[in-house]
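In what follows, a structure is listed as structure tokens, so that the remarks can point back to it.
Note that the chains take the letters A, B, C, D, E and F in the order they are written out, and that residue 1 is the start of every chain.
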Amino acid sequence: MLHIVNKSPHERSALADCLARARAGHAVLLIEDAVVAATRGSAATLAAAPAGVSLYVLSPDLQARGLAGQLAEGITAVDYRGFVDLVAAQPRVQSWL
Amino acid sequence: MSEGVTKKFLFVNRKAPYGSVYALEGLEVVLISAAFDQDVSLAFIDDGVYQLLRGQDTKAIGMKNFSPTYRALEGYDIEKLYAERESLEARGVAEGDLLVDVKVLGREEMAALMDEQDVVIGF
Amino acid sequence: MKIGILVNEGPYQRQSSDSAWQFCQAAIAAGHEIQRVFFYHDGVNNATKLTDPPQDDRHIVNRWSALAQEHKVDLVVCVAAALRRGIVEENLAKGFRISGLGQLVESAIQADRLVVFGD
Amino acid sequence: MKIGILVNEGPYQRQSSDSAWQFCQAAIAAGHEIQRVFFYHDGVNNATKLTDPPQDDRHIVNRWSALAQEHKVDLVVCVAAALRRGIVEENLAKGFRISGLGQLVESAIQADRLVVFGD
Amino acid sequence: MLHIVNKSPHERSALADCLARARAGHAVLLIEDAVVAATRGSAATLAAAPAGVSLYVLSPDLQARGLAGQLAEGITAVDYRGFVDLVAAQPRVQSWL
Amino acid sequence: MSEGVTKKFLFVNRKAPYGSVYALEGLEVVLISAAFDQDVSLAFIDDGVYQLLRGQDTKAIGMKNFSPTYRALEGYDIEKLYAERESLEARGVAEGDLLVDVKVLGREEMAALMDEQDVVIGF
């Protein structure tokens, strides 16, 4: 499963709600305002990710917000091509709107 | 309709009703899906459990009360309704407060249910 | 791989439509097929031809129309959601068609993946 | 008392427009004056005359038009936000007028209170 | 000051963000999806309200959601007329969108 | 313009940029307000502090980078910009990361600032 989250963890529960149901082997991709959760200063929410869940962030959205230099450890930055590859690699996609 | 393909569909309801149209328009997709002979389930998690409360009365806000539609789902052969125990408890909602029979699953069972679907659409 | 797309929000107000379009471009460039883009909820507002953003901003509606023309992507607007929001044949942009919600369910059945963009 | 209203979201998708209209009705019934309703962001989508909701649902656009007619409430749509979203004279519903953002600032100055409805 | 909040405290930070800046003499009105914060089962967020802040909930929105019987103690239910009166009684209004 | 009335306006920015249009269209209101000779202040709290980060580069998302506009506000005589210390700290944002000079206020000072306004508009 690829989980997609697009909301800031400071403003919405979406990322926490997603992580509470993610399982080993799943991937979580942060896009749009959710990219702030991938920065060193706001990484607390992602720390709740279960073991075996891979974490990704969409770099175009990180760059747009001036956060490209703030990427926390353990999170892989991908471009839109990488987003597409994640969709293809996982058997299904769930957006946490 | 689509050359006899049957997929497992899960519609995940995570939002309270009336504040946004997602619950209502999500239900419209569910009803349409019945015509396609798919294996359809509905999950109510997080604020989505509020959609199922008895006693909704929308007169004073001038909006349509669509909650009776959940009871009508059975007539469309949509019978797999699940609510998450942790979501109910966090909101102080008891199973007896719900307007339709649902199967209550623990969070781990709910995650397992999500994990066995072909298509997951959230509203 | 065949990928279906669902867009739930209108243009400009939230990033959903931008993200969906960028994803479609990248998927096509990677050799995948965008089997359909279905516009539901406020997503139907992506289909109005009356949109006229500032010169220095992207034109979200025209961008979708160009995607339909250049890559023969099927852009479907939900009729029920569209009627609620004032999107009709009269103001429908090029490359979009109005049809029923069944087209979304069909897309989910026929495509290998369904990717949802919304709020 | 003179009350100005700002509506930031479109009809049907979110409750903001419903809440704003109910508030206006109650304020007028209580003897207050709705000095202006300004539609900004997706709020401009409240002003399309092409809306055609199901018979058993409320007609949000017509409800605003009726408020303008019955109580002479000034309904102003922001021109810049409207152009981004395809609201122009051609599809403008009765009782609304398109004008600049200055009308919002002016409303905040002239009214005793400004109440904002949005997301 | 009348603070207006319209988001569920389970989904968004708006109510907590509002209460963190509310001061004695202010009023907080819960409308739309925020009414769930006024129920006995979800009252934790409101417990953070500073002393001297008055709490109100819009009853039409509470009724719509089937929660009219669940009102927690210390919160006053008002109709739209009461909403208007609160706007008139407080010197200004701030919506926490 | 309005018979010489001067009110204290506070525009409260609480949302991150680009994910929604509020930051951009909010800035458009601020610019217009300059023409009305009002006493205008801007507050950046909660996720609104992200609007002020240096180094925003929107090329790869195809959207317009409007962050230079914050630097242009001074030319419109809009000079009272405030950011909340607690909001910056909770996000690991340092004052030096910001693209424009702002006065950093503690939460209690920010609440006091809000409390002395005539009009508060949040985006």
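We adopt the following convention: a residue touches a chain if its C-beta (ideal position, glycine included) is under 8 Å from a C-beta of that chain, and two chains touch if they have at least 3 such contacts.
Just so you know, these numbers come straight off a predicted model, no measurement behind them.
J.: Moving only from a chain to one it touches, give the least number of moves from chain B to chain E.
T.: Each step joins two touching chains, and the minimum needed here is 1.
J.: Which neighbours does chain A have in common with chain D?
T.: Expected: B, C, E, F.
J.: Among all other chains, pick the one whose mean CA position is farthest from the mean CA position of chain C.
T.: Max centre-to-centre separation from chain C belongs to E.
J.: Is it true that over half of the residue numbers where chain A touches chain E are used by both copies, so same, or is it different?
T.: Since more than half of the residue numbers are used by both chains, the interface counts as same.
J.: Where the centre means the average of the CA atoms, what chain is farthest from chain A?
T.: It is D whose centre lies farthest from that of chain A.
J.: Can you compute the centre-to-centre distance for chain B and chain D, using the mean CA position of each chain? Integer Å is fine.
T.: About 33 Å separates the centre of chain B from that of chain D.
J.: As a quick test, compute the distance in whole Å between the mean CA positions of chain D and chain E.
T.: For chain D versus chain E, the centre distance works out to 24 Å.
J.: Go ahead and note the Å separation of the Cα centroids belonging to chain B and chain F.
T.: Spacing between the chain centres: roughly 40 Å.
J.: For chain B, give me the residues that contact two or more of the other chains.
T.: Those would be 18-22, 46, 61, 63, 119, 122.
J.: Provide the list of chain C residues touching at least two other chains, using ranges where the numbers run on.
T.: 8, 12-13, 15, 22, 41, 57, 80, 114, 116
J.: If you look at chain E, which of its residues touch at least two other chains?
T.: 6, 10-11, 13, 32-33, 60, 79, 92-93, 95, 97
J.: Chain pairs in touch?
T.: Touch list across chains, by label: A-B, A-C, A-E, A-F, B-C, B-D, B-E, C-D, C-F, D-E, D-F, E-F.
J.: Touching residues of chain B toward chain A in the complex: what are they?
T.: Within the complex, chain B touches chain A at residues 12, 14, 22, 45-46, 107, 110-112, 114-115, 117-120, 122-123.
J.: Contact residues on chain F for chain A in the complex?
T.: Going by the criterion above, the answer is residues 15-20, 46-47, 50, 53-61, 63, 65, 67, 90-93, 97.
J.: What residues on chain D touch chain F, complex-wise?
T.: Residues of chain D touching chain F: 6, 40-41, 80-81, 100-102, 104-106, 108-110, 114, 116.
J.: Write out the stretch or stretches of chain B touching chain D in their complex.
T.: 18-21, 61-64
J.: Across the complex, what residues on chain F touch chain D?
T.: 1-2, 5, 7, 9, 21-22, 25, 28-29, 32-33, 35-36, 38, 119, 121-122
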